[in-house]
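Starting off with a structure, shown below.
All chains are identified by letter, namely A, B, C and D, in their written order; residue positions are counted from 1 within each chain.
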Amino acid sequence: MPSRDTVEIGLNRFARRGYDLDEVSIVPSRRTRDVDDVSTAWQIDAFRFEIPLVTSPSDAVVSPATAIAVGQAGGLGVLNAEGLWTRYDDPLPVYRQLRDAAAEAPPPIALLQQVYAEPVKPDLISARIKEMRDAGVTTAVRVSPQHTELLAPSVLAAGVDLLVIQGTIVSAEHVTTQGSALNLKSFIADLDVPVIVGGAANYQTALHLMRTGAAGVIVGVGADSFSTGDAVMGVRVPLASAIADAAAARRDYLDETGGRYVHVIANGRIETSGAIARALACGADAVQVGEPLRAAKEAPAGGVWWDSVAAHPRLPRGGTSAPVPAAGSLEQVLLGPAETSDGRTNLFGALRRTMAKTGYRDLKEFQRVDLVIGGRPD
Amino acid sequence: MPSRDTVEIGLNRFARRGYDLDEVSIVPSRRTRDVDDVSTAWQIDAFRFEIPLVTSPSDAVVSPATAIAVGQAGGLGVLNAEGLWTRYDDPLPVYRQLRDAAAEAPPPIALLQQVYAEPVKPDLISARIKEMRDAGVTTAVRVSPQHTELLAPSVLAAGVDLLVIQGTIVSAEHVTTQGSALNLKSFIADLDVPVIVGGAANYQTALHLMRTGAAGVIVGVGADSFSTGDAVMGVRVPLASAIADAAAARRDYLDETGGRYVHVIANGRIETSGAIARALACGADAVQVGEPLRAAKEAPAGGVWWDSVAAHPRLPRGGTSAPVPAAGSLEQVLLGPAETSDGRTNLFGALRRTMAKTGYRDLKEFQRVDLVIGGRPD
Amino acid sequence: MPSRDTVEIGLNRFARRGYDLDEVSIVPSRRTRDVDDVSTAWQIDAFRFEIPLVTSPSDAVVSPATAIAVGQAGGLGVLNAEGLWTRYDDPLPVYRQLRDAAAEAPPPIALLQQVYAEPVKPDLISARIKEMRDAGVTTAVRVSPQHTELLAPSVLAAGVDLLVIQGTIVSAEHVTTQGSALNLKSFIADLDVPVIVGGAANYQTALHLMRTGAAGVIVGVGADSFSTGDAVMGVRVPLASAIADAAAARRDYLDETGGRYVHVIANGRIETSGAIARALACGADAVQVGEPLRAAKEAPAGGVWWDSVAAHPRLPRGGTSAPVPAAGSLEQVLLGPAETSDGRTNLFGALRRTMAKTGYRDLKEFQRVDLVIGGRPD
Amino acid sequence: MPSRDTVEIGLNRFARRGYDLDEVSIVPSRRTRDVDDVSTAWQIDAFRFEIPLVTSPSDAVVSPATAIAVGQAGGLGVLNAEGLWTRYDDPLPVYRQLRDAAAEAPPPIALLQQVYAEPVKPDLISARIKEMRDAGVTTAVRVSPQHTELLAPSVLAAGVDLLVIQGTIVSAEHVTTQGSALNLKSFIADLDVPVIVGGAANYQTALHLMRTGAAGVIVGVGADSFSTGDAVMGVRVPLASAIADAAAARRDYLDETGGRYVHVIANGRIETSGAIARALACGADAVQVGEPLRAAKEAPAGGVWWDSVAAHPRLPRGGTSAPVPAAGSLEQVLLGPAETSDGRTNLFGALRRTMAKTGYRDLKEFQRVDLVIGGRPD
C-alpha cells in the first residue's frame, strides 16, 4: 500500500497526518470559463444525474416526497428503509412530536430513542418505494449492514433502482462468532441492482469494498457537524485525506480490474457549497448531503435536524438541533438563486461557478484542480 | 515554475501550503531609523503617490468626493464604474435606505441585490470621472472584466488616468463558447492609459496578467473579512503566500522583458496598519484597502460596509455590516494621529514607524525585511 | 534512549514535539467485529478487572461506598488515604459545606484549603479499608510519596490489595538535603502488595519507576480539565506522546528483565469514552478516570468536582466546579445504556464498540490500532 | 550567524518559524528535589536578588513605594523616569482620574495621551530616586533611548544603582539624518553604573546590544497581553524563540570576550508563574513582569493596567484595562501563599516548586530543563 505522511507521536508509535475538508481550499488557476459552459452531471451505472448529490438517508430531510423533489432537481434522494417512514404507517404525528420538542431547544436523545424503538414494517418499505417510483425519479433506499439480509427482499421486490448499504463504519470483512455475517461480495453478486456501500475511512477499506462489486463507496464516518463519534468512540476521519485515499483506491482498482470505475461518494460535514466543491476537488465523484437540506421549506421535520445514529438505543452518537427557518424551496437550496451569502443555498450553482472560475468543464477534470492547505476559513 | 512546500493530503493528491497575512509578522532587525527619514512614496507609470494606497472600489467607502479626499491625502481612490454612482443620478436616497436598514443589524443581502438591479448609465460614468478630474487628483475607475468592452469607451472618453479591470477571479485566458471573450492583451495594447488588473491568486495567473501589458496586478480574491468566498465557493487564497508568489512572477517578468516592472497590489483583509505593513513586507508594492475607510467621517455609507460581490444576483458572497461610529476624518484614518490603539487609524503613519523601527528608508527596501511565522496575533 | 521529533525553538535550544490525546484519533481499519465478541478485561498482578478503569483518588468521586460500586462494576476504585474520609470521622458535613458553596459557583480554593487542613488519622485509614474489604471488592488506596513511610504501615495492616503511591510529579530519585528521602525501590521490595506509582511524564521517569519494582506506572501529571499546572508551574505533558513513550519504556523494561510487564496507566483529561479509547490506543493498559464519575448519582460530592492538588496549602493548582446534574447510576455511567451522546455515559460500552468497529478482540491487540493526527475534534 | 528553521511562505520568500512562550512547556525529568533545597537567586553586576524579577517600568504598578516593596521582597523595581511620578509633583489626582475613568470600562487612550502630555521635570527624577535610595533597596529607573542624553545626568546625579534604557524596539545602530543619534557604546563606556538595555527581538540585535557594554539586554517588544504592536505595526516577536536566540548571543558573546556574561531579561506577556518558569527555561536570566503586579493591594493604580506605549501621542499601541480586585499584598503576589490556582499569585514560590519538581537547584541549571512543544494550554 502506498504511504502518506506519518508522525511519530511517541517512541515507535506512529500516526498518519490527516486533513479535514475545511483545511483544504481551491486555488484558481490561470484559465476561467463561462458558467454556462460547465457541466455538473454525474452518472453511476445506468443512472445519470444533473448534480452530484446523494442525500443522507436522514428522516429529518428525506421523506418520499422530498426524495422525489431531489430527483426532479437532478440529484438522488435516499430514503432510510429503517427510518420513520417504514416504522410508522403515518409518521406525521411523530414528526410533529419531535418538532414540538425542538421548538426551543434540541429535542432530547431519549425521545429519538423512543420513537425509533417502533419496529420496521417490510410492507411499508414497499409502499414508500412504490410512491417514489410512481413519480418517475430514480429511487434509492438505505439499509444497515446488520439488517440487509432481512430487509433486502422487500426492497428489491418493490423495484428500487439503487440499494445503499450504509452504516457508520462498514467493512468488507465482518467477523462474528455468532452464526454467519453478511458476505457483501456474494450478496452483491446475486443482485440485479447496483449497490452503494459505506462508510469507509481509509484506502484499504475503500479498496476492499470496491472489490465486493459495489458501484459506489461512501467515504467518511460522520454525517454532520452535530456528530459526536469523536467524543464517544475516539474515531475521527479527516475527510479530505480519506477522499484522496479512496480516490487512490479507485485508481488502483480500475487498474486491477482493467476498467471497473467505482464511484467515491464523500460523506461528512458537507454542509456548504464550499465544502461540496472541496470534496469533489479532493477526488470524490459525488457528495452525500443532509443537514443543509433541512432549510428547504419541504423538509419533513420543519428545520429540525438529527442523524439516525443519534437514535441508537445504547450508544447514541451525533446530535439533534433546534429548527432553522426555511431559506427557500428545495430547488432554491440546491440550484439557487441565493439571497444569503453563507454558502447554504444555491449549493450546486455555486459549484458550477467554482468550476467556471477555475476553468474546468466537468467534474472529472475538476478533480485535478489546484489545492492549498492553510489560510483562514471564513 | 519554481515550487513551494507541498503536502500530500492523501495518496498522490498534493496541496501547496499557504500562509495568511496574519500568520506572518515582521521582526525588527539590528538597525533603527528616524521616522522622518522614511518615505512611503509609490509610483506606478507616470503617477506618484505619497502612500501606497489603492482603495477598494466599494460604494460603501468610495464616492467621487471621498476619491478626491483620498487623492489629496496621497493615495489613489478607485470609483466603481458599475456601482451606485453610475446606476443612480442621485444615489443619496439609496445610501440612506441601506443605512436605515443597517441601523440595528447588517442590511439584508436581498436589499443589496435589489438596489444593484438598476442598470448602469454610461453618461453617469463620464460625469463622475469629470467631477474627480476637476478636483485635480489622479482618477481611476473600476470595471468588471465582463463589462470592460461595453463600458471602457465611456470611461476613456471621460479622461480617466488609470483603468482598473477587477473581478473576484480574473484570468488572462477566459474561455467561452458564446461569442468571443475579452482579449486582455490586445485590449490593453490599444489603450493610452495604464491598466491595473486582477484579482489573481497565484504565480501563474499573476505572470500571465503581467504579460497582458498591465501596469499593475491585483493579488487576492477577497476584499474584506466579511467575505464568504471560502464557504460559498471553496476558494481561499492565503495572501502572504500569494503576494510572495506574485512578487516572484514580477521578478521573472522583469527578467523576461529586460526591465518592465509590473506592480503587485495586495487585496484581501488588509484592515489594520499591521496588515498593510505585512503585505508590503511580503513583497507587495501597494495595498488595496476598503473596509477600514468606513470609519472615516466622510464615508458615504455612514459606517456601513459591503463589497460589491455581496450584491451578486444569483450567488452573493461576502457580507454587509452594521455601521461603526466615525473614528475621525479620512485624513486622520490614513495619516493620524490615532486616538485608539487598534491599528485602524493612522494606517500609513504606522507603516512609516514600522519602516523606521526596522531600519528601512523606502518601500522597495522594506520588501526585504525579516519575517517570522508563528506567535500569537494580538 | 530512542528519540522523537524535535523542534529548534531558538538557536541550539530544542524541544520535543508532543501530542495531546485530543489531537490523535482512531481510524477504522478493514475488519469489523461483533460487539459481543470483544473483551475489555484487564489484569494487573493477581487482580482481574472487566474494565480497564482505575479511579482518580479524588474525594469528589470516591468514597468507600463508590469504590465498592466501581469494583462491582468491574473496575478498581482508589480511595485517597489523605482525603476527607481519613481526616474526618464523619466527612458528610464537609461534603455538604462544599456542595452548598458550589450551588451557584465553583467553591473557593480557600475553602478547600481549610477543610484539608484537618490532620489525617491513621485509624480512619484502617476503618475505610476494612469497609471496602468487607464488600468483597479489590481494594486500593492512594498515599503521597511524602507521606508513604508514615502512612503505609496503617494501610498495609488493614489488608489493602493494591497500594497507589501518587503525586503530581513523582521520580524514582528524590534528592533531599534534609534527612533521607523515600527509596521507592527498597520500599517496594519489602512489600507484599503490588504498587502502582506515578505520575511520570516521559520515557526516562517511566522506565526508572518500572525499575523500582512497581506493578503499574501512572503516566501524566494532570488529573482533569480543570488543572492549572500549566499556568502555575509551566509544566505540560502532552498525554498521547507520554503514553506512547511509557509504552516504549514498558517494552524496553520487558526486554531488560526478560519478561516483567509493568502496566501503563494513563492519567490526564480522560473525560469521555473517546478519550478512554484514544489512551488505550496509544499504548496504555488502563486509564485513571475521575471527573466524569461526578455525574453518577452515587458521587459523594453531588456533582461538584475538585482534585486534591487544588487544596494545596501554598500553591493550589487545578480547579473546583459547580455541580453537574446526575446523568444516571455509576453503573450506567460506566456500562450504559447512554441517553445522551456527549461521550460521558456508557464510558466502557463505547470502548467495546470502538474495539468491535476496528476489529480488535482484546485490549492488548487494540494498542496497535491505526491512528491519525489532525481533523476537527467534535 | 547560526540559522533556525525557515519556511518558504512564497516563492523565494522565507520566514523563520518562531514559538511563543505558551507553546513551550516544561517536562519533568527523572529527578525531583525538596523545595527548600532550591535557590531562585539572581545576580547582575554587584547586585544580588532573591528572585529573578525586574519590574516593567509601568506607572500602573510601579511607584517609588512599590519599587521599595519589590526590593524588600527580593526583586528589582524599575521606576519610569518619564512617567507620572516625574511629570507631576503629586501624581495621586492623576491616578484617581484614571481609576475613576476605569471603574466600569478601560480608560480611553485619549485620556492617557492627555495626562502624559505634561512635561517631565528633571528635579522630580532626583527626588523619586532619593526616596527609593533612602529605603535601602537597589534602585533602578527607566529612560527612553530618545531622552537618554537629556535625562541621564539627573538620573546619575541622584545616585541610581542601575540604569534601564528601554524602548519598544531598540537597536545598537540608530541612523538619523537630523543631528547625531545616541551612541550607546560610548555612552555606556562613560558610565559608572551598569546599564540594562532593550527591547531586542533577535540574535543579531541582542548581540549588538551586548557589544555596547550593557550588563543586561531586554528581549521582547511587547510588555503585556494588552499590547497591539502586531495589529498596529505588524511586528510580532515569538518570545520563546527570541529568548533562546538571545541566549545563543550570550554564549557567543561570552566566548568572543573570553568571559563577559550579559544577562538576558525576558519581556512580553509574562503574566503567570508558569510563564515565568517557561521564560527562564528557554534561557532567560530574569523576567520583566508588570501586569500581574496590579493585583497587589499596594499597586498605585488600584488594579487598572496600562503600558506607557499606550500613551504615545500619535501612534498609541497597547491597551488599558478595567481594574481587577486586589488578590493580596505585593509580597503574597510574589512569594505566596496563593489562595487561587490561576498562576497569578505566589509567582516565584511556584517557580521554586517547578525547579524542585524537575530536579534543579539553581536558575543557571534550570535553563537546561527539558522542553516540549504542543499540548493544550490550561
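Methods note: a contact is a pair of C-beta atoms (placed from the backbone, for glycine too) under 8 Å apart; a residue touches a chain by one contact, two chains touch by 3 or more.
These are the chains along with the protein names UniProt gives them: A, B, C, D = IMP dehydrogenase.
These numbers were taken from a predicted model, which means no experiment stands behind them.
> Which chains are in contact with both chain A and chain D?
In this structure, the chains that contact chain D and also chain A are B, C.
> Determine the centre-to-centre distance between chain B and chain C, using the mean Cα coordinates as centres, and give it in whole Å.
A distance of 56 Å separates the two centres.
> What is the distance, in whole Å, between the centres of chain A and chain B, each centre taken as the mean of its C-alpha atoms?
It comes to 40 Å between the two C-alpha centres.
> Residues of chain C that contact two or more other chains, please.
19, 241, in rising order.
> Based on the touch definition given at the start, go ahead and assign the chain network to line, ring, star, complete or other.
Per interface graph, the chains form a ring.
> Touching residues of chain D toward chain B in the complex: what are they?
Interface residues on chain D, with respect to chain B: 7-20, 22-23, 108-110, 113, 168-178, 200-202, 204-205, 208, 221, 227-239, 241, 269, 310, 313-319.
> Taking the touch rule as given, give the residues of chain C at its contact with chain A in the complex, in rising order.
Against chain A, the touching part of chain C is residues 2, 4-5, 19, 24-34, 36-37, 203, 240-248, 272-278, 281-283, 336-343, 346, 349-350, 353-354, 357-359, 370-378.
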